[in-house]
Every structure is written in structure tokens, then in C-alpha cells.
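Several structures are given next for inspection.
What follows is a pair of complexes built around subunit A, which joins subunit B in one and subunit C in the other.
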Partner chain A sequence: MHGRVKVRTTEEEKARKEKERQEKLKIFKHAMQKIFHKRKESELDKELLELTGKVLSSNPDIYTLWNIRREILIIFAKTYESEELSQLYDAELNLTEYCLKINPKSYCAWHQREWVLTTRTDPNWEIELGLCSKYLKFDERNFHTWDYRRFVVSQCKPPLKDEFDFTTEKLLDNFSNYSAWHYRSKMLVELFPDLEGGRPIEDSHHKHELKMVQSAAFTDPDDTSAWFYQRWLLGAVRMDVQVVVYVMTPSKTTVAFSKPVDQSVVDSRTRLFHNNELLNGEWQSCSGNHYDVLWIFKSNAVVSEEVKLEFQMEDGHLQALPSIKMNETKYVGKSSISFKRKYSKPVVEELNNQLESCRQLLAMEPDNKWTLLTTTVFLHCIDAKKYHKEVLENLRTLKVIDKLRAGYYSDLITQWSVEDQLVTDYATDSLDYKIKFDEKIISLPHFQYYSHCENVDLSNQDLDSSVLPALVMLQHCKTLSLENNKLTTLNKFPQLNIEELNLRGNKRLLVEEVEQFKKNNKNCTIIF
Partner chain B sequence: MDDDLPTDFQVIVVGTGMVESIVAAACSRIGKNVLHLDSSDHYGGLWASYNFDGLQKFIKEVNSDPKRQLQVYNLAEKWYIEKASAEESKAEGEEKPEDGKGEPAKKVWTQDSFAAEYRKFNIDMTPKLLFSRGPLVELLISSNIARYAEFRCVTRVLTWLSDKLMPVPCSRADVFATEAVGIVEKRQLMKMLTSIVGYNEEEMNNEFKDWNDKTFKEYLTHKGLTPNLIHYVLSAIAGGTNSMPCLEGVKECKKFLMSLGRYGNTPFLWPMYGSGELPQCFCRLCAVFGGVYCLNRPIDKVQTKTADDGKTVVTIDSKSKTLNCDHLVIGINECPKDLISPEPAESCDISKAVFITNGSIMKSDKEPLTLLRFPPLTDEDNAVTVLEVGPATGSCPKGLFVVYFITNKVKDAESDLMPIAEKIFDMSGGDQTADTEKPKCLWSLFYNVKDTSAPVASTVDSVHVCSGPDAGLDFDRAVEQAEQIFKKICPGQEFLPRAPDPEEIVFEDDVTHGPEFQREDEDAEGDAPKE
Partner chain C sequence: MDFTTKDVNLKPDRPTTLLIEKHSDYLAKYGTNKDDYEYCMTEYLRMSGIYWSLTAMELMGESHRMPKEEIISFISTCQNKESGGISASFPHDPHILYTLSAVQVLTMYDRLDAIDVDGVVEFIKSLQQEDGSFFGDKWGETDTRFTFCAVMCLSLLQRLDAINVDKAVQFVLSCMNFDGGFGSKPGSESHAGLIYCCVGTLSICKKLDALKVDDLAWWLCERQLPSGGLNGRPEKLPDLCYSWWVMSSLTMLNRIHWVDNAKLEEFILACQDAETGGFSDRPGDIPDPFHTLFGLAGLSLLGNSDLIKPVNPTYCMPQETITRLKLEPQILKKV
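Presenting the complex of A and B:
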């Protein structure tokens, strides 16, 4: 037919592409060969710079070539005039920018750029910041660019407010952006620290952020980035480390902290007194880890009279903890504890508002997992004690409607129930520990709080063998019951001076293993 | 000169409107021998864009020719600015750079300065948007005609609520950012929108089985949406009124939502230099594949005769020449009455208006491109579609905006549209530099267009009549009709298959590739295979 355009068939096209590919491969191999040859001969010159540049501009991820280029540039830096050198560095930046166009997630190209800027004496940071903004416009979630931006900002120190506003802008474009939320959180604590109350963020901004993140969460509850930021915001309350309980007996002295602390904190800020006399000794972590919640005090002192502990808190306050004589040789000191998060009044008001919105939504869609979970978290954060029953009820519902995360909800049930009981337990002087709620626990949170107990009853729970290492906290325990749990092995059972251990009703525990365990622990009566 | 034109074609297309142009391109693309004629000196017919001078000619033409007033009538042009500036010489034509937020002093426009910059105007007779995932966009991509056109994203969708203009949160980012709706409403809105998009056919049937004879508004109310949200969804997103049937509303919403997130923050694209560019893109493809073009070529007479082999041939007399073809594709406004069967039923005509203003209807950081769906002011009125385009679209000089109003006619264009113009513009004329809340209207044109959008059949099988523009927002009906006509002319053939790019085309002596030759010369060009 007249005038019709002839178009290549796919076969022809394929053959042509293949031919082109082979051609390219030939050129590539040739170039690489030449590069390695030149380097071997120590010909680190402009020609090699040009060769590597050409290969990199279509294959930006060959890091060896970037390394060679750095070698060359380092040599040039020794001899070249500053003006010429500056031009070379500019050319290098142009090359990386060209490569980043091809692959915006090229680790080596970003790294090369960083190297050039930290090496040259005349870096232009403004251009770099502009470059970041440009690349974040192309892909607002490219974490390479965010990372590089943090580097640039650390060097040129633009007003933090500008950076904060930049995250706002990016989030308004698309709030599914972990990098932007994260960066924002870093700016937030820098920009708006609470000077009065010692909280991480100033009230009005804490409130503003809570509002913003709730807006995101309600717009698209299935997007997790906002929820994580919300969790961070709710958790942004200062919880200072303190000593929760210490025990002194002739054979062993232990101190339990609310959070893991390292050796230096224990060494320098914890002091034990006997009759107002400072005791000398050495601190040892209970688990052998660098950070630990329970520390053992090794000392030769014989304790017979009044014992006292002092702990220098982070905010400078001194926590002084007297002890009670439990029997002839045992002294126990317990602090008053609370798991209540101390939000400021305006923030609590905001939380209550948001709780109200959540409840409205829940009335409309009772089975929405995210709404229910958020409601539950709010309830817990606002007043864990008051709402404890409702919280547990919600978590039980969540286990049903969000089966895939049932384990997570069980864990929350365990943790929050344990916290609830702990406060009551600490009001008594008992040396016994027994779970007093109906929910079965699956883990042993805050277990160091019970390090002073002598009789620990963990029977009829859902504990499996993964909790065994945590038993190391029971440094003063005499009888321990793990009856009717889900233990499968005793492999990780720590070394303890227990007199009686009840392992009955752990159906999957092998008889042979228990027998062996008995042999290894002759001083202990084992019931099985 | 006329003698150069061959006389026998497989397909002759008369009129360069949207439907005609698509059919011409489709026929030419699969190898049909096509002649494309237009009686006027420009492309597009009623779908055309004019510069300011061309528009003046058009107005004059219509006002002086009673025949044309059958299509376009009630034409009323009005100036709100002086003929010439008192202190002419100074600021004239001088363009001040718009640097960010600091607004430069407003230019004082005169009729003369419009005339001086007449070429910077591209004013549409049939302004329309494209849905980002609508049939026209898909067709432009699949046929590779998109390379002939450029587009800009509509930046915002506005509505009129509680007596003021409000942005409509239509995308995820909008819903997140807006402060106009409460937190619970955000969830409700997103839930409604995502469920409408997400329903598969079965869920659709299930959810809407009892809603056949009810309105969309009743459905939204039933779902517990607040009045604000109902307004957004019904009026701004579905583009409907209180009486919109439920299923139609759902369909319109879905169309809107499905087009979100492809190109910009709204579901719409606007063609650079106006909607009138689009018919020309199709004409260009037609010409690339050998179509012959002849403007300024009115036709006098259409007849049919039976050829020797028994085939029906359509003959056209034009400028004392007889042209023959197997198929005639003809725009309804060019078509002799006797070929149309039956006469199209009297339909509701279209009221339109164009305004040129000295600012956007709602201020914004960057130059906006706006769709405003103005809800009916009273129960008798219709909703009005408002499109505002600025200099970045190539529609007007810097500092101005062109605003189009389109609605179904109730009384006449001016009575139908003036009340709305008064709400969003300052129609009082006067000092242009004054800092008014509403932009000043500098020039306006009201007109009615006969609605020729209903498909009509012809009395002859090989004559295909193309509809004129409708009052709708998009080109979808034109695309649909063009495909139907093409299928009748070329049954079983593919509709606008992808046109090859230049590098895919094989030329007679395509042996050596230029680049290869070069490469061999240059030693070790570092161009390795890329994965």
C-alpha cells in the first residue's frame, strides 16, 4: 500500500538491541581493562580520571572506580594550584550529580559527593542544600537524599526552623514519609524544648504535632508512618532513671533500676551507706551485659544496722532510699513507683479531645482496628489506672479483629497488667510475688522490680522457655513456681540459689532434660 | 491551484472539530486515503481556540451572518476598561518580573494593550478538561499522539460553600492538610471516597441494590456524612445537584477519584494553549500518515451515486470541483439538513461566558489552574462549571486570567451566568490598581451555543455525522463517538494503534547506524551496558 510507514518488527528490534548491547559490552570491557592497567602502572593522571568518568556516567555504582578517582584527586591536591583544583572538584560534583540522575539511590555517588565537599577547602553548602531539595522533589521518600541533607545541614547549619518547615512542606505533599517524620522529630526537640517543665517538647508544639499527626492518621489509617510518629509523640515524656528496689543480705546485695544503666552510672552515682558510712565495693551487672537493670554489689561489709542508698538522678535530684529490716540479716529499700506518664495539662487536654474524636469514630465503625488501638493507647496514656479495665477489654477485642498481631496485643496486656499490679504490690512489705489478675502473662516485663522477692509464684501462666533468661533477676528467690506453663526446655535457665523449683504441668518439657537439670542443681528441690 | 487536489478518496472528512479530527486520524493511521476539509481558515470549528484578534473576527462574523447565529447566538461582548490609557507611553507593555510573594504594582490594562498583546491570548470556544485516566488521555498515550501536545495539571478544585469560595479536599494530601473539616469528618470523607473507588462489581451491586430510584444526596445522608462533606462529594467531586441519581453520582465520583494521583494533585489536565489544540494534534497525525488538508474549503452539495461495480460513492461539490469518496464524515454544523434523519429533537442549549480578569478568583502562592463547580443558586438553576486559566497555560499575557463559565441554558447566557460572575468578580470596572478582594473583570463575552451534541444518524449509510461540543467537563463523549464512527467505516480494524517514534522507522537504506560509526572512531567510550 502506498505511503505506509514500515516499522521494525519485534524480532528485528530485538536483534538490533542485542547487537547494540554486545557493542556496549565490548566498549565497557575494553575501558575497564585499560583503567586497571593504568592503575597498576601507577598512571594516576587526567586520562584515567576521564576514563573512569566515562564508565561511571553510565554505571554509577562501580565503587572501585570512585575509589580510583579519589586516589587521583588526592595526588592532584598536593601539586595543583587552588584554582585548578577547585575546577576539578567542581567537575567531580558535576559527575556525581549526573550519576545521581541515573541512579538517585547510588550509595557511592552520594558518598563521593560528601567526600569532595569535606575535602575541598571551598565547599558551597547552599548549592548542596538546593540539590537536596531538588532531589527530594523528584522522590520525597529517597532516604539517601534525606541522609545527605542531614549531613549538609550539620555542616552549613541553616536555621533549624527552615528545616522544620521543609519537613512540613514535604509532609503536606505526601505524609507517607518516614524520613520526613523522623527528621521532624529531631528538629522538634531541638527547636522547641520545654524550658520550664523539663519535658522534651514545649506544650504548645507538642499539642500542635499531636493534632497534625492525628489528621494524618484519620485521613489514612492504613498508613503506618503517622502512627509511629504518634507513638513517638505520646512517648515523648521524660522518665528519669531511678532506683526501684535494693536488697542487702550478708551474702548478696542487689540494686534494681527502672531502666537499664551502664557501669559508669552505677559506679559514679549510686552510693550505699551503713550507719551513715559509705560502703566500698564493686558493682557487677547481673546479666553480664554492659547495660543492665539489676546490679550486684560486691563488698566485704557485714551489715547489721541501718542501711541507706543514695542515687544521683539525671536532673540533679538526689534519690535517698532508706531500708526496712525484713529479718535478722535482710534489709530491703523500695522507692515509690508510678508508671503514669507525666504530660502537661495542655497536652492532657489535647489527648482528651482526641480521645473524644476517637470514641465518636468508634461508635461509627466499632471494628476499625486503628481507631480502637489509638483509643486504647490514649486511654492508657491519659490514666492507666482509671481506664485499666476498658484498656484490657479493647486489647482483647483487638486480638480478635486483628489476628495477625494477637501476640503484640497479648504482650501489651501482660505489660500493662503487670504495671497495674506493681503499684499495689509496692505499697506492701511482702516478699511474695504472685500474679493477681486473670489475664495470663506471656512475658516478664519489669521483672527487676521483684528482685527482692523470696517466694515467686508464676504458676498457671502462658510463659514459654524464652522468658527463662529473665529469671536471673530473682537473685534473692527461695521458692519459684513455674507450674502449668508452656516451657519446652530448660536450656537457658540461669544460675540461681533457689531452694525449691516447681516445674509441674509443663507438658512439653522432656523428662530426661529435667533429670539432667536435677543432677546439675543438687541443692534445689525440683518438683516435676 | 485547485487542479492539484486529487478527486478520489476513500474517506473525506468535512469539519475539523474534535470528533471529525479523531476519525480522520484513525482512518489515515490504518492506511485509508483521507481528505480533510474545513470551510473556515482555522482548525477546530466550534472547538477552536482564538487569539484576541481572531476572537474579534469571530464575534464580527457571527454578528453579521444570520446563518451562523443558528449555532451561536445572544453574543454579548463588553469592556470594563478604557480604550486607551491617559498616560499611555510609560508603563505600556513593560513586564515586571513576578518575584515570589512581593506583588508588583498591578498593571493598568486598556483595550489597546489587549490589542497590542493579542497573540498572547488563546481563548477557547469549547474549554474542556481531561481526566488523567479518562479515555482521551489513554487514547493520546496509546496512539502516541500525546507527543504533539503539552498539558498542565489543574492545581485545585474549588467550590462555593456558605457564600464563599472554598478549596475542595479531594486527594489524600488535601484531606490531610485541610483545616476546613474536623478530624472525624476526615475519616468519614476518606472512608466514603476509598470505598467508592474500592468497590468491585459485586460489592457495588450489593451496596447499591436499593438505591436505584434514589438520589446520591440521600445516599450520602444515609451514610451519616455531615452537610459540608455532602456538599464536597456531591457538588464538587461528583459535579451533581440535589437531584442527581445515586448510581450516576457514584459513577461520577469513581471517575474523578480514579484519575487522582496520576499527574498532579487533582484528577485533571488542561491542554497548553487551550482545548483547541487537541483536534489539531489528531489532524497532525492524520497528515503524517498521508492525509490531505484543505482549509477555507466550503462544500456546496453532497450527493450519492452508484458506481459501476455497484458500490455507493458519495460525491461532494466544492469550488466547482467534484470529489468522490467511499465514506463521508461530516460535522453536524456543515451537514446538509436532508442528510440528517431524523431531525434531532429540540434539546437544551448551552450558556457560556468568557471573562478576562486581572487576578485569580482566589489568591494562591503559585499560579493556580482552577476548576470550580458552582452549585445551582436556586432550584431552577443548573450547576455552572467554571475554569480559570492563567498565563502559564499560554492562554493570556502575564497578570491576567481567563475564566470560562459553562452551564445548560435556562433563559439566556447573560441571565444564567451573570449572577455567578457577580459573586466571584468585581464587575464594576473602575480603578484596576485598587486592592479589591475579588479580581476585576476587564472584559466579558456571553453567548449561547446550540447543543448539537446528541448523536444523529444520517439517511445514507456511508455518510457519518459528527456531533458538536456538549456542555460536559471532558471530551469523553467525543472520543466515544469517534471510535463508533471509525468502527463503522473500518470494521474489524484497530482504532488508532500506536504510531511509531522516528527511531523505530526503517528507511530504504537503513544499513549503518550513525552512532555506531562514531563509536568505533572514539576509542573506549565508557558506555557499558546498563542494568
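Presenting the complex of A and C:
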């Protein structure tokens, strides 16, 4: 029951209403009894059609009654002349239209309409498309109507560009139409893919959409619809999955990917070589899932010389990654990484223009959440390194002016700070990891990038016990410090081969639990 | 242009504490008068109504107030001998929505013996299509809700192997949108309720990593409005049931801290009817069992009340039931 306001009424009025309802109920019950009786007796006739129609006119969600009507229509279709049948189907469409007036969100009524049109031999799709446009004028956000429109379009197949233009029309009418932005996104990538550059959207259209969405957003900065579309456009770049680091030791071989990949991708597209000979083995997800960012290679091979990895990327390119011999038995191969978004030149120019406009708008309304967030995302997308400080400052402000989502902004601060450091860390051959920025981290984003590290220092952060499962990425770690964090339990601490673990300064961690943990991990020196 | 405010104001005299006894009374009384107008007019969804009420009662530790034996024999009468599917009520037609509700209820009661389980499995199996999607019944409506019903139902029966799970997952993923969300079928707009169904399907099938997690979770946390309540799509009014659809999804994605939990709790409590008990969609509206369940389940996810038992975010059933069945739906690791 949605949107029914409770109203205070007098006792008298209450009694009158109740009497009215009991009358209605009597009629309803009688009709339902008769309907089910006739059905049981297989009296699938016009009378039953009429009875069910009457009840549905005021209760369009009684699904069984629509089923009964379909059963009747199927029987009639076998014996009726085509003209008579056509009239019956028209009447059925009229009934659904009537029902949709009472409840425009009735799943049953919409489905009946679809059924009639796909069952009859003479559907008129033009009328249906017109009906959709008409209904969208009453309620431009009714997702049933939009779904029905897509169904009609799938049947009568008008040029896709016509539908794209329809969304333009709807949006120019009212930018606050998320349904239209959504529909537009689907067609944009289909109509205008970037065939040359391999990006999702062709440059000039990408630019055009950015302009359109900006004028929408500036028309009413508090309306959220356009901002989501804009955020998507900003993310519409190539983000190929690649291998970021792999480690081979006599006891364990791991491969970390930039994003989660599923078993089949690892099995079919990742290959390890020793002296140019393919190694045979089995891939296992580090945390036992179908998808994972870190995979373990189980093999009997003993490696003593040159190791190499090849990964077949989505676009067919081969990522070939040689390794460095770190010590007698350890080989590490690291890819060059970048979190920079690869926009085309014209798009970058457009982004810079829009950044400028955003800054102007922000000067006028410094506390507008959407303007500040957009400015921040622009800065990050255009040059994360260059604008890093400003981005963090903005995110800290957002935590205050958009308090509801403070947790989101805090995670972004951690994530973007980690990304900033990662690029520097990956330029060295160190096996140590230590947080090098002032902002305290609360989560462990991109942690698989550090899966090769032996000495991991996460001390003096704001990590709580919910991050413990992510430590499973530290498959090659020897010493780990979690000193001065906010751990409360070790319950979800993963199975690792750590030699030294520092848990000091986690004030809410119980001594008993740590003692038990020590007993279960005898090979590890635990500092507490 | 639409300049109406798309939010509600919480009144100073709103309920601010959990009125648990009232809710228990409300549900215990609901449906005792078989001639009640509202009750009769909702016969076509009775089975789900029982699931909402029983689950709410279970979460409050009050399920002993429900007529257990009556419910179990009612469910038995609703199973269709021919197809194996279960209807909302006798003599309505079987449908996957009510088949799931029935299985959920019997699972909580640990009384699956009351129905022909093989029949249910056959029914669900018969509804899977070539593209991996599911019909709701033989009449051919397709919806991601039905995929979730199929997968959840079979997992409760420990019979997931009866369908093509990979194809079901592929179908769900084909419904993913630019914002990372999901709608009812490929091409449909994102909607928090359907996002719950799709994320829930992936959780049961352990494929949550296939999501665009950060995009989706950001969209979900943007559902919170200044009143603290959540809406289901951009520029829509808040509604209590989204406290469940959004928060359960965020729990599975391990991003529940991206919304203001305290403000949401305030909104949920404000949706209680202090007179009759029960929760409504928005403060001041008429309560119903549907919103009563999702209000309580939402509070359970927020975890601040000892009066409500832990709920499982994937199944919307008491965690103790899911634990008893040894089911382990996936929850994303926090990173």
C-alpha cells in the first residue's frame, strides 16, 4: 500500500464507510465465487469474459483473472472469424487501457497488453507507440511505460535515431527526467561508438553530450538526474583489465589483476613461462570466488631462471610482462600502472572548459554540493596528480556540506590517496609498503597491487576489523604492522604465512582473543 | 519544470522509539477478521502477506503468535498438483512470486514436508528460458524479480543445480545500466527494488564481483534524502521499503556506511503508527504488513536494537534460519 494518507474521521462517518465497504465486498465475493465456479466447470465463455472484466476494472492486479481471460481468448481464436476476433482483441486492449488509468503501474495490465499484441495477427504498432508517448506525458517517469515503449520498439523497429531524438525532446522539455537520460545512455553507445579509438563513445558525440548535460545541470543544480549521466560520461573511457604484479617463489605463485576477473579469463588468457616454456598448472582464486583480483597458480614447476607472463587483453593485445629476480628464489614482474583516464584531446579540452564554468558557479554558490562534487570529479579526471591536494580539500568540505554521505567521501579520500602513492611506489623495486601520506586510511583499496610486498606497514591508521578479510592479498608478506589502529576483533583474520605481526595500540582488542590467536598461529611472532 | 519538494518533513511528535509490542499486536490481529475489506481484497497476494507477517514476527521473536498449523495446511492447499507451482491463495493460479513466499515460510517453520518439493523444483525449472531469464508463470512475463525468486527458492531447497545458474547470472548482468544499477529486464531503468533482486541473485550465485561496485553503491547512497529516508530512483519521494532494498544491497556490497545510518533510523521510526502499530510507507500514512517487515528488517540491518534479531541481507529472513540451512550467500569483502 503506497501513499495512502491516514485521515481522522468521525465515528459516524467511519460506520457509513464500513457499511459501504461491506456492500462492495459482498458483490466482489459473489463475483469471484461465480468466476471460479465457471472456470471449474470449464464454462470458458463470453459471460466469464464479462465477469472477469468487471472485477478487473476496479482490481487490475488479480493476476488469475487475466489468466482466465487469456484461456478464453485462446479458445475463441480457434473458432471465431478474423473480424470478430479482431474486435475481441481491441476490446481487450480497451480493458487494459481502462485498468492502467486506475493503476498505471499494474504489471498485469501491461503484460496483458503485450500478450494481446504478440498473439493477434494484426497488431498496430504505430498506435502503441503513440499510446506510450501519450502516457509519458501524464507521467514521464513511469518505468512500466518506458519498458512497454522499448517492447514496442523491439517489435516495430523504428530507426534507433528516432528514439534517440525522442529522448532529446523529452529532456529539452524537462531535464529532470532520469528515465530519459537512462534510455539515452543505452542508445548513445549503440549509435555512436568510437570505432577507431576503442572508447565507448565517439569524440564529437561525447563532447556534445557533455555540453548538453552541463546545460541541464546548470539549469537546476539541485536536480540530481543529469549529474548521474555526467558522472557516467566522465567514466566513459577505456579501462582495460591488466595484470599489475605477479610473484613466483618455490612455495607460491600469485598474479594480481587491476580489476576482478573470473576463472575462465584467468584459465584461458593468462600464461606463465619459464625459459620460454609454458608452465602447466591450475589457477585458484585467492579468496575462493569465481571472480577475484588475486589468483594463485598451483604448479609443480621449479623455477630457477627467466620467468615471463603473458595476458591476452580484452581488445586482443598481448600484455607481456618479464620479471626481475629479487633474490635466489623470488621473481617479481610489475607492470607500469596509471590511474589516469585516457580521454581524447577534444574531450579533455571540453572538460577543461567545463571545469572553468564549474569554478565560476562555485564562486557564486560555494556550498552547493553538486557543483563542488562535479568540480572535484573534473579535477580528478583531468589530472589526478596535479590537482590531488585540491581534490582532497574539496572532499573534506563535501563531508561537511553533504553529511549524509560522509562515509562515501572518506572512502574516496582513502582511495584517491592510495592511487596517488601507488604510481610512485610502482616506479621502484621495493618489497616494502608504508603509507606515505598524512590522511589516515579507513579501507584498503587496490590492495592487490601490494600482494608482492614482504614488509607491510599499516600502522597509525584508522583501520577497523572489517578490513581484515582483505589482508588475504598479502600472500608474500613476512612482517605486517597494524599498530595503532581500531581493530576490535581478529575474528576474520585470514590464513597467512606471516612471521611477525604487530597488533600493539589497538585498544579495544581483547587480550584473551590475542592469546588464542597466538596459539593458533605458532609460527608467527605476535607483538601486542 | 517541477519545483515540488521531493522529500517529507518529520514532525516533532513522531515516534522516536521502537514500539515493538504494538507491532506484534498489529500483526497478530491482522487477518483474524476474515471479512475485513482490506484483507479480502488482497487475497491475490495472500501468500506474500503471510511471508511478510511471519518474517516480521520472527525478527521480533514473536512468531508464536502466528497460527502455524493453519498456515502450513493453507500452503499445502495452494500447491498446484499439475505444475508443482504454488499460488497466492486457493483457487488462484501458481506463480513464482508466491512459490518463493511459500518456500520461505515453510523454511522458517522447518516444514518443507508440507509440500511436494520435487514439484516446486520442476515448476521453477520449467520457467527458465533460453537466454537464462525466468518467466513468472506459463504466461511469459519476464522480470529480474523472477530470476531472484527462482535462485532464492532453489537455494533454500538446496537444489540450485536444477537450473542453469551461469545463464541466469548472464541474464542478470545483461540488465546492468550506465549507473551500475539494474532494472526489470535488459534496457530497463535502474530501480532500487530490482537492484536488490539482481544483487541478491549474484550474492546467492557468488558472483558479486561482476558488479560495477563503486558506481552502484554511489547511486544507492544518493537515494538518501535530507529527511533521512531513501527513495528508489532519482527525484522520487522517500518510502520506507527502500530502507530494505537499498540497505540490503549496500550491506551485500559492504558499503552500508555510505549512508547516514542515524538519520535513516530516525526516518524508519517515524513511519511507525503509534496507535495501531505497524509501519507505513511514509510518516502519517496507513500501515501494512509489507512496510512493517521492511521497517523492522531495515532496523535489523542498522543493528542498534536488541529487540530485533539479525536479518540476512540476501534472503530477508532471520539469519538463524539461513545459518541452520548452512547457506552462505556472498557478501563483498571490504577493501
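The criterion applied here is as follows: the second predicted complex is superposed on the first by the 472 of 528 C-alpha atoms of A that agree within 3 Å, B and C clash if a C-alpha of one lies under 4 Å from a C-alpha of the other, contacts with A are read in each partner's own complex, and residues count from 1 in each chain.
Please note the rule applied: contacts are C-beta pairs under 8 Å (C-beta built on N, C-alpha and C of every residue); 3 or more make two chains touch, one makes a residue touch a chain.
All figures in this text were calculated on a predicted structure; none of them were measured in a lab.
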item: Broader residue contact with subunit A after superposition on the shared chain, subunit B or subunit C; value: C
item: Which superposed partner A:292 touches (first subunit B, second subunit C, both, neither); value: second
item: Touching partner for A:38 - first (subunit B), second (subunit C), both, neither; value: neither
item: Which superposed partner A:64 touches (first subunit B, second subunit C, both, neither); value: second
item: Which superposed partner A:25 touches (first subunit B, second subunit C, both, neither); value: both
item: First (subunit B), second (subunit C), both or neither touched by A:269; value: neither
item: Contacts of A:369 with subunit B and subunit C, given as first, second, both or neither; value: neither
item: Touched partner set for A:408, first subunit B, second subunit C, both or neither; value: second
item: First (subunit B), second (subunit C), both or neither touched by A:252; value: neither
item: Which of subunit B and subunit C A:150 touches, first, second, both or neither; value: second
item: Footprint overlap on subunit A, where subunit B in one structure and subunit C in the other make contact; value: 1-6, 21, 24-25, 28-29, 59, 174, 220
item: Residues of subunit C that touch subunit A when the two form their complex; value: 1-2, 35, 37, 40-41, 44-45, 87-88, 91-93, 95, 137, 139-141, 143, 177-179, 183-185, 187-191, 206-210, 215, 217-219, 221-222, 224, 226, 228, 233-236, 239, 254-255, 257-260, 263, 273, 280-282, 284-286, 288, 290-291, 330, 333-335
item: Subunit B-facing residues of subunit A, complex; value: 1-8, 12-13, 21, 23-25, 27-32, 34, 51-59, 102, 171-175, 214-216, 218-221, 354, 357, 360-361, 364-365, 371
item: Subunit A residues touching subunit C - in the complex, by the definition given at the top; value: 1-6, 18, 21-22, 24-25, 28-29, 36, 39-40, 59, 61-64, 66-67, 70, 107, 111, 115, 141, 143, 146-147, 150, 174, 176, 178-179, 182-183, 185-186, 220, 223-225, 228-229, 231-232, 235, 260, 262, 287, 289-292, 403-408, 411, 443-447, 466-467, 469-470, 472
item: Subunit A-facing residues of subunit B, complex; value: 31, 172-173, 175-177, 182-184, 186-188, 190-191, 224, 289-290, 500, 504-506, 516, 519, 524-530
